[in-house]
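The structure under discussion is supplied below as structure tokens; questions concerning it will follow.
A, B, C and D label the chains in the order they appear, each numbered from 1.
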Amino acid sequence: MNCHDLDFNISRLGRCRIPSPLSGVRFVRNDERVLYPSDASAIEACVAEGKPLPAFEAAGPREQIYFDPSKLKCGIVTCGGLCPGLNDVIRAIVLSLFHHYGVATVFGFRYGYEGLTHRHGHRPLELTPRAVADLHQKGGTLLGSSRGPQDVSEMVDTLERMNVGILFAIGGDGTLRGAQAVTEEIGRRNLKIAVIGIPKTIDNDISNVQNSFGFETAVSEARTAVYSANAEAEGARNGIGLVKLMGRESGFIAAYASLAHSEVNFCLVPEVPFTLDGLLAALKRRIESRGHAVIVVAEGAGQDLVERPRETDASGNVRLGDIGIFLRDMIPARLKNLGMDVTLKYIDPSYTIRSMPANAHDSVFCLLLGHHAVHAGMTGRTNMLVGFWKNEFTHVPIPLAAFERKRIDPEGRLWSNVLASTGQPKEMM
Amino acid sequence: MNCHDLDFNISRLGRCRIPSPLSGVRFVRNDERVLYPSDASAIEACVAEGKPLPAFEAAGPREQIYFDPSKLKCGIVTCGGLCPGLNDVIRAIVLSLFHHYGVATVFGFRYGYEGLTHRHGHRPLELTPRAVADLHQKGGTLLGSSRGPQDVSEMVDTLERMNVGILFAIGGDGTLRGAQAVTEEIGRRNLKIAVIGIPKTIDNDISNVQNSFGFETAVSEARTAVYSANAEAEGARNGIGLVKLMGRESGFIAAYASLAHSEVNFCLVPEVPFTLDGLLAALKRRIESRGHAVIVVAEGAGQDLVERPRETDASGNVRLGDIGIFLRDMIPARLKNLGMDVTLKYIDPSYTIRSMPANAHDSVFCLLLGHHAVHAGMTGRTNMLVGFWKNEFTHVPIPLAAFERKRIDPEGRLWSNVLASTGQPKEMM
Amino acid sequence: MNCHDLDFNISRLGRCRIPSPLSGVRFVRNDERVLYPSDASAIEACVAEGKPLPAFEAAGPREQIYFDPSKLKCGIVTCGGLCPGLNDVIRAIVLSLFHHYGVATVFGFRYGYEGLTHRHGHRPLELTPRAVADLHQKGGTLLGSSRGPQDVSEMVDTLERMNVGILFAIGGDGTLRGAQAVTEEIGRRNLKIAVIGIPKTIDNDISNVQNSFGFETAVSEARTAVYSANAEAEGARNGIGLVKLMGRESGFIAAYASLAHSEVNFCLVPEVPFTLDGLLAALKRRIESRGHAVIVVAEGAGQDLVERPRETDASGNVRLGDIGIFLRDMIPARLKNLGMDVTLKYIDPSYTIRSMPANAHDSVFCLLLGHHAVHAGMTGRTNMLVGFWKNEFTHVPIPLAAFERKRIDPEGRLWSNVLASTGQPKEMM
Amino acid sequence: MNCHDLDFNISRLGRCRIPSPLSGVRFVRNDERVLYPSDASAIEACVAEGKPLPAFEAAGPREQIYFDPSKLKCGIVTCGGLCPGLNDVIRAIVLSLFHHYGVATVFGFRYGYEGLTHRHGHRPLELTPRAVADLHQKGGTLLGSSRGPQDVSEMVDTLERMNVGILFAIGGDGTLRGAQAVTEEIGRRNLKIAVIGIPKTIDNDISNVQNSFGFETAVSEARTAVYSANAEAEGARNGIGLVKLMGRESGFIAAYASLAHSEVNFCLVPEVPFTLDGLLAALKRRIESRGHAVIVVAEGAGQDLVERPRETDASGNVRLGDIGIFLRDMIPARLKNLGMDVTLKYIDPSYTIRSMPANAHDSVFCLLLGHHAVHAGMTGRTNMLVGFWKNEFTHVPIPLAAFERKRIDPEGRLWSNVLASTGQPKEMM
């Protein structure tokens, strides 16, 4: 967990010898660290055992940088699904490189890692301050995206041929693993190319990163869908509003949307198993006492209940069975058998929650993520991503983040809060 | 078409003898009429043939009213699907009855026409000014709703038993036909009960009513879905964004959403037939030249292409085949056969476009609809609805509105504007 | 009033001989007219007197055009204050010229009429489809704007030198008068240059134009300010929320905002005089009975009550005294004298209501305004603007629109509706 | 700083003997603590010196509670200015008391501390679950508010007379000091009444509380004002958009709004002095190079530049001079003297940023704040508030929060980020 123990600078000797052109800002010392635990007892235990305190390296501008801005060229690539704020991050990187350091050439590789290969023939965009001026007001990604890995050697060829010094890779765990593979190939070739990840996950499920950009905007959009579901539920006798939200393995969007629109009565997430009978029993009680109900289900919940296709998508993810459609069809049918006529309205906002422009909070967050990614890259750090922990931006080695998902702890505070808000039974088995 | 020729007052003799308690407002004379055509030639033809000018009776407060406000009780019922502004209309009726005329008792019948029957056992709400104070800020309907007809005789029994003088029925064509049946039964029993319809249709498809409430809000929400579809389309190589919108027999929402977010390249509506091959050919050309495409499809479009279930819903509407799912599956498969790999993202905002609170325009519109419905009811008019035509509120006999749908004219101005905006071929056969 | 009687085509002989390249759309015949009155009696009176029916020429694409698109260059200029939708209109003109007619060169003159003069030295932008692609998502105007007239001869010099065939002038009454002066100078020089106006007025006060673009968006933003004022008023004992809105000579924004947020208790507009004592008496009664009050005042209301600076602004408008600040200070002081302590919160949303992007309705409206302006210009029509009347786009000779303001009729329907909604006394003298 | 060292439970002996009726949730142990520093070195220094680790007590439900829910009555009071989420907090407290613990009687004291006195004669509202059902969708406060202290003895009389066991006081530092005075009087009388504070500050300036509710919503609204200012600035030659935002002594809203809309070029806050000449010099350079500029100024900034009235408001705050009006008038005049004509548009969103409903994030936050306040109160804790620190809810003794304001550190990370985003000089003297 001690990030500063890991070596993630491209130049182990004589690094960071160029003075930063940045002025007026507060430079971060290389030994500043952000504590990992927030719990005082955990720290006391460390101390008692004589262990070093677990901590991340603090992000921020350094007084000494590695690359010579006047000669540096950089590249940006966005991979995987859309996420609110992608364009904000791209813009922030371009503007920070230009205004903070004087880097004039930034390539925007098109359509994810495809854009770094030769075979797809995508020509990169030239990202100037003018080209990105209004970018933050637009959802989606200017660069386009794609899923899945590409040939690592071909990608490093491209970086080498285009003389790219820093590659900024914005994406999820697959993208970060790709970034690591690129870093390793760079190492094998002994090149002076840094690779900086910016974690992107609409599900907020990247380990060792407390908040990821776009999540709040997504929750806000999800709340709108829940609002509709509640209006539909209240508008009919024995009305049920059912909303399916993103969340393949982690139910954070469903959990926060349930807290954000506290009319939700049942929140179903991948981390907490339930049976159809258990759900129906609780649902029937709710409708008998209150006349309507609102259910939020994460797409990855209840996968043991549905038939799953035996395919994977381009990113290698197993395709999920459709729990939303399953519940939409089964709930009214099964409740009818139990003697209760209900009117169920099903809402699947799908991509609408991920393609909106960033809200104010995410705009701030993306701006600073972009700045901190640039600061990190300029010092020659590599194979790391910019994280956020306990209100501070951090440097996280990619291996600490990309190989395990963050999930809701069914015994933890968040889930406890969800149970307290929905009033649903802890067990629906 | 001459609405004033129709008799829709409950008292043909001696009507409207009580002076209105309203003060300060402009009273409308009973002979004020709103012209039906806006085309000068149509009028000249009428004149040449010596025909009366087609026109609606103008809505608005009258100097003489029929009912004695101090003794009057009223009822409100909402039927069919949700629509933005339902609560605004309910509130406007209650406040107008109370503040403009001094009517103290207003019943809110629950769950549509069910609430007017005995067998369902729903107790009506008492709608006071305090109870509806903040109602306009909420989507849905306070009263709840349901679909389908109920026993007319039982409904009139309820009105008679509860001593209701005016029933305000907010709903679509089925509801209005129900209102007419109620009026006829009232006539047979020789009761002094007026029935005033307020047309509600998310699809804006009621004849002789130019605009219906909630439509603009729905288009605005639909635009958001199109925004997402466009972001998804631009974010992928050969990206296609496909949005399914409401519109069973009339494609007004799809047409206006296409104009409101003018990135739409194909707008498919029930009124304009197309073949899959025709669409694919045009779509392929578009993607070859521009790299992405956005398609909006009304749920009732292309019904000849899809298998249709042989069922009807509670309102008696034939269930539609799902053209959205059909296109979602067929377009990528068929384009692949034609040698083009595409990434299609499908968005079905479904109920979200109808359960939002009314936007500013619809709030104004609903307020005035409610006021004008009350003004009409107080004069003893019946079997009519409050319409809107050429910027004026009108009185429309229910038979003129409820028995034929308004549809897009494929040779008319609206569709011409859509074609000009999307650039799609006029024929895709 | 008979617009088609006026000559506003640049070529009286041999006009419109080139077939339109537009395909698939519905062409409008040159004799299609949109009736001016909506009142049937007015028409019958006309007919009885043997007068021609008052009507506007209908807007829309014509089968024959005047300019050869392959050689045509066009210009666009935006003048006066910002208005939601300005960028939509610019974009619609550019895209229609390019996609509908094949016109490749469109100049965007900078900073209003200044950009057409030599002395200010502003270089016009080249407006390509790519340059305007995302423009509609942004408030403000890409071209910049300025107030006030410029030397007409110098402006026509510029048009002549740059070989501009159609100038699209987007602005208010001053701008339209400027456009007319330009047309006259063009006539004197016998040039083949058409000038098409697009009326822009946040106040919706241009004569013979029923709706102007951006107005609905502005009302929607104004409603937000009223929402705040109401929250503040309800949140304090004897709370008063006071909102000042735009509206120099016409109170349409204040009137519609009052209807859109029907908690408003007093709406004060320039068209309806009031005295401070009259207002205070009514306000005191309201607060005594209900504990709080919301007041909306148009900036031009009650100008006889305030001291007015003796200046004019760059457009020649007389500067107004600040009725908002006057009421903010006087109401609490004077009510205190009458023994009532109040808490007044003052909100002046000022420019925020005019700088937002267009809402869905205004986006549709601006798109079609731009298209219809292009259609009109291509036929060689000149000295006209594109209007909107009874739901149809029209051609309006500039002299019919630019020389008298549209104002609220204190005896008409709109004001009657406002009185019915606010419950304020008809007279507060 | 060690909150758990402080005694803030009303019953020092035999406390918390009743088992909590809550089920399914995760109970927090009484020794769980949230670390104060996030910096690893600070901790290591503590350890080296043998000092206890600075930490807050962790908030959350406890297994043992103090009050018997079946007999408990509670009260809620809201004081000071509006803040987004006030109604959410009220609602969350009522619902948590009712659903989590079975407390049936909750009084809503009207108009701040006035409602706890006898002399003002306000009758409290009865807050039932039904009464607060839709409350979270509304800005403002259901209870009303007022500023300034009231007679402590009279307030405790009311609590005693109405048999209130827990008083929830939602307000800023003045309110919290009032709550402490009430606690002390309760102590003198030896009563079993707990007082729990919920910190409310639109300026986010309460010490030892990292985030306060409503702040994000306020920043989001402030961003809208900045958006307008930028549109106005770009829309004119040498255009300047100037926005005044809340922030009497702390410029957090101005700082975050500047980051959230990164077109801001100058951010002026109370914590960082500047001279008019310094600002003008930098502003002139900006306009010369880029043609326009956007300035955000917190209301408390530059107070040495403006004449200040010698008054205080009802809360005892010194009235500020109006820096917004000062800059609005001085900038164009002084730049004109320097030979530069500018067009400045001034926007003062004032109360609009504080009267909106909470956004999704703040809704979650307010819900959990309310729940945690109830959990704390039920255990008999008193003279404390519910804080938020490093992503965890905490218990903070009122004296640690209410007697010093949190301010931007001009040498810290936030201000460094603002300088990096605006590009403004660090010194403008």
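Brief remarks follow.
Operating definition for what follows: a residue touches a chain if its C-beta (ideal position, glycine included) is under 8 Å from a C-beta of that chain, and two chains touch if they have at least 3 such contacts.
In UniProt terms, the chains line up like this: A, B, C, D = ATP-dependent 6-phosphofructokinase.
Just so you know, these numbers come straight off a predicted model, no measurement behind them.
When chain centres are set by their Cα atoms, the one at the greatest distance from subunit C is A.
When the C-beta contacts at A-D and at C-D are tallied, the pair with the greater total is A-D.
Averaged Cα coordinates give subunit C a centre that lies 41 Å from the centre of subunit D.
Taking the mean of the C-alpha atoms as each chain's centre, subunit A and subunit D sit 29 Å apart.
Within subunit A, contacts with two or more other chains are made by residues 138.
Touching subunit A in their complex are the following residues of subunit B: 82, 110-111, 114, 122, 138-141, 144-146, 224-225, 227-232, 234-237, 239, 345-352, 354-356. On the subunit D side of its complex with subunit A, the touching residues are 22-26, 31-35, 37-41, 43-44, 47, 53, 55, 60-61, 92, 95-96, 99-100, 136, 210, 216, 219-220, 223, 256-257, 259-262, 359-361, 363-364, 367-368, 371, 390-392, 411-413, 415-417, 419-421, 423, 425-426. Residues 134, 137-138 of subunit D are the ones touching subunit B in the complex.
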